[in-house]
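Take a look at the structures listed below.
Both complexes below contain chain A, partnered by chain B and then by chain C.
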Partner chain A sequence: MANNYFITDHCIIEKGKVLHNGQEVFAMPEAAFPDFAKQAYKHLNTDYAKFFKMDNLSKLSFLAADILLKEYIADGSNNTALLFANSSSSLDTDVKYNDSIADKDDYFPSPAVFVYTLPNICMGEISIKHKLYTENSFFIFEAFNPEFFAAYAQALLDTAKADRVLCGWVDFLKDDYKAFMYLVSKEQGTAHTKENIQTLYNN
Partner chain B sequence: MKLKNIYITHTNCITPLGFDVDSNIEAIANGITGISKQENSMLPIPFYAGVVNNDKLEAAFAVISNNQSYTRLEKMILLALYPVLQKSGVKPDSKTALVLSTTKGNITSLSKGNNLPDEAYLQGLANNVANFFGFTTEPVVVSNACVSGIMAISVAKRLIQAGIYDNAFVVAGDEVSEFVLSGFNSFQAMSAEPCKPYSANRTGVTLGEAAAAVLVTKESVNAKATVIGDGSINDANHISGPSRTGEGLVRSIESALKESGISAGAIDYISAHGTATPFNDEMEAIAFNRLGLNEVPVNSLKGYYGHTLGASGLLETVIALEAMDKNKLFASMGYDEPGVSQAINVIEKTEEKEINYLLKTASGFGGCNTAVIFEKANNGK
Partner chain C sequence: MEALKQELKEKIIDVLNLEDIAVEDVNDNDPLFGDGLGLDSIDALELIVMLDKDYGIKLADPKEGKAIFQSIETMAKYISENRTK
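Let's turn to the complex of A and B:
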């Protein structure tokens, strides 16, 4: 089937910078992620108290998704599927949770941490905020995989499982993080090809 | 657009009840559970879980390989997939996918203060499996909480329909670990007895471990079933609690029904999630009632296996496909008295029934849900 879809909007968060369609909208390049995320949240007028309870992967994903989904009314009618992937799954929080149970004399398993030891939780957070009763799926690849994103997003659109797909590569481990998100639909924009996706990812 | 028909042809599973499908079916038909009492360092208190016997696992693995570098979970996964590859005769070429479903993978390889070993990454685990069999395509790992196993079938189907692959070996596995036990325990979600899905006396989850494998293919030869519809829709409600209205599950089933072209009334049997937590089972009952599925015979297989997390959806599909093939409704182990606010038809004793359409559902943390509908393949029978 011919590819009639387009990338309409994209953003990148990495190394203390937030880029929206290639334009820098916020930067704190020297800051550690927790402080950077807090300041980016304020700067972007995110306004969502639950943000502060999230783990790093969810904060990163939530900030990026909010930039692209802000313009859509969150009334439950937005059929934007979430198609996410990364290479580290939830290992950033897995390590923290594992440290909390590793020592029997210092044993403090917390449900508030444990719940984030699944990579798809960030999609749940985004779905709640934006009232997305939509297709959600989370994949793990060794590295960013534009072929898979392109093929699966097209399949969701071709089969009318979604009107639009929010694709996201969201990886967080220790001090390294990157969110790359883009919207795909029939609306006009950049042609939805794996080459274009890779180019946008490379920034 | 008309999509290609997609079939499931070969299946297998590695569980506390047996290391092939026949032994599992025999145990279930005889009302035997794989759950047993455990007393070890994984939890400060004794607990129930469905655990695979180590000696049996080692003995079985020695038959297919003498390489001892694999982790316990990898051995389970390799054993599950091995006969599926052998019997199908499908070669792992450029049109053959490996789809691996897991939530925690080799989580037991984490140790405090040390660097992350390769196998702690889910793709590292998947590469170990792929290399054992000589797959040439990059593994597709699905990690979507407790719906992963059934979602993996949906993903395989969609990728084949999109023309990316002709065949997909789908394998799923998760282990009982201190990591997961302590987590569910911290949520106070663990049952002090073997779990009792849908019962008024249910108090929570029993954990389990298993591996399961199927071949999803566009070739109808040897088909057990056709995958005729699927949906995976979020509740948009809460990250650790199911929706009170069952919204995501309702919409997932509606999406699968719409695609399949059949009505809710055509469903003969539901293999549901039934974790035996108060809220999950209640949510499912509400969702089934909203769709007019409340009189369809339903069971949860968690009473036989416990909750095997990323393996559960695929393992339960393997068992449900046998139930469909044999026209048998298996009793929902642990069910004694009605315990959900809206009545559903929980299977109390194993009985014969013609099953042509099977609905498999699952729900999980993050508000995720998946529903897949299978139609029995005729193959001139």
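Let's turn to the complex of A and C:
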């Protein structure tokens, strides 16, 4: 797919490692996700107290997005749309919530857990932190779908819905997680093609 | 009453995941919402669940929460007068 857009930055978080444009910026490969996320938050100077109230999917998404958006938002360029997808939806939190209401004799549903039983909540957290009043959509696919990401991001830019698109595959279920995020705009970088998106995802 | 206040501070920090706040940071009369601990509406619902789960208090009217959850002091007073467990 030929176009005039480019991937300017990308980030991957998986297996206890944070990579920014291919460079490792934080690692705790032996740690369980909650501890890894807490230490990554501190190391990356994320500075958002409500981070600790989030569920795993939102923490994962928030950390990756914060790495990519910090410099652009500081720049005042906040017309950034969010385009996210995954395969597990919010199932990791859905299961926890279901467990909390399974026993009728000990029935105390947690509002703080319930609010995360939708996958797109993570985009709300990111939008609040970075003051984004922009387009956002969350899709569910069986597997990573670079063709869809490429076409949808291009449509958002072609129709001037946004100056930049933050694309993200953010999946979390039990101990298995991966965030792959990248920014697409007219600024120079890697050509915005499904092949390049797939290559960056695989790294 | 002092033991209950201490217990409430510990529970609130734990239940509401106030990672950056220590028990010593919370004064008995500090506002829990707004400029104090900065709690939000979901936290308020979580506190209502905590009253039910840990102290056997069911708030029939959620509007009561505004007065009860003003501070640790007001929470402790209400709980000590109304707890069933």
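Convention: the second predicted complex is superposed on the first by the 196 of 203 C-alpha atoms of A that agree within 3 Å, B and C clash if a C-alpha of one lies under 4 Å from a C-alpha of the other, contacts with A are read in each partner's own complex, and residues count from 1 in each chain.
Going forward, contacts are C-beta pairs under 8 Å (C-beta built on N, C-alpha and C of every residue); 3 or more make two chains touch, one makes a residue touch a chain.
Predicted, not measured: the structure shown is a model, and the values here were computed from it.
Colleague: So, does A:L132 touch the first partner chain B, the second partner chain C, both, or neither?
Modeller: A:L132 contacts chain B only, not chain C.
Colleague: Counting residues of chain A in contact, which comes out ahead: chain B or chain C?
Modeller: Looking at chain A, the partner in contact with more of its residues is B.
Colleague: A:A49 contacts which: chain B (first), chain C (second), both, neither?
Modeller: A:A49 sits against chain C, while chain B stays out of touch.
Colleague: After superposition on the shared chain, which partner residues are touched by A:V95: those of chain B (first), chain C (second), both, or neither?
Modeller: So A:V95 only meets chain B here.
Colleague: Under the stated touch criterion, which partner chain does A:V115 make contact with: chain B (first), chain C (second), both, or neither?
Modeller: After superposition on chain A, A:V115 lies in contact with both partners, chain B and chain C.
Colleague: Considering each complex separately, which residues of chain A are in contact with chain B in the first and with chain C in the second?
Modeller: 109-111, 115
Colleague: Provide the residue numbers of chain A that touch chain B in the complex, in ascending order.
Modeller: Listed in rising order, the residues are 1, 76, 82, 87-89, 91, 94-95, 97-99, 101-103, 109-111, 114-115, 117-121, 123-125, 127-128, 130-142, 145, 148, 151-152, 154-156, 158-159, 161.
Colleague: Help me check something: in the complex, which residues belonging to chain C touch chain A?
Modeller: Its residues touching chain A are 16-20, 38, 42-43, 45-46, 49, 52-53.
Colleague: Which residues, counting only chain A, touch chain C once they are in their complex?
Modeller: Going through chain A, the ones touching chain C are 38, 49, 51-53, 108-112, 115.
Colleague: Please give the residue numbers of chain B that touch chain A in the complex, ascending.
Modeller: Its residues touching chain A are 1, 3, 103-105, 107, 110-112, 116, 120-123, 126-127, 138, 140-145, 151, 155, 158-159, 161-162, 164, 178-179, 182-183, 185-187, 231-240, 247-248, 251, 255, 259, 364-368.
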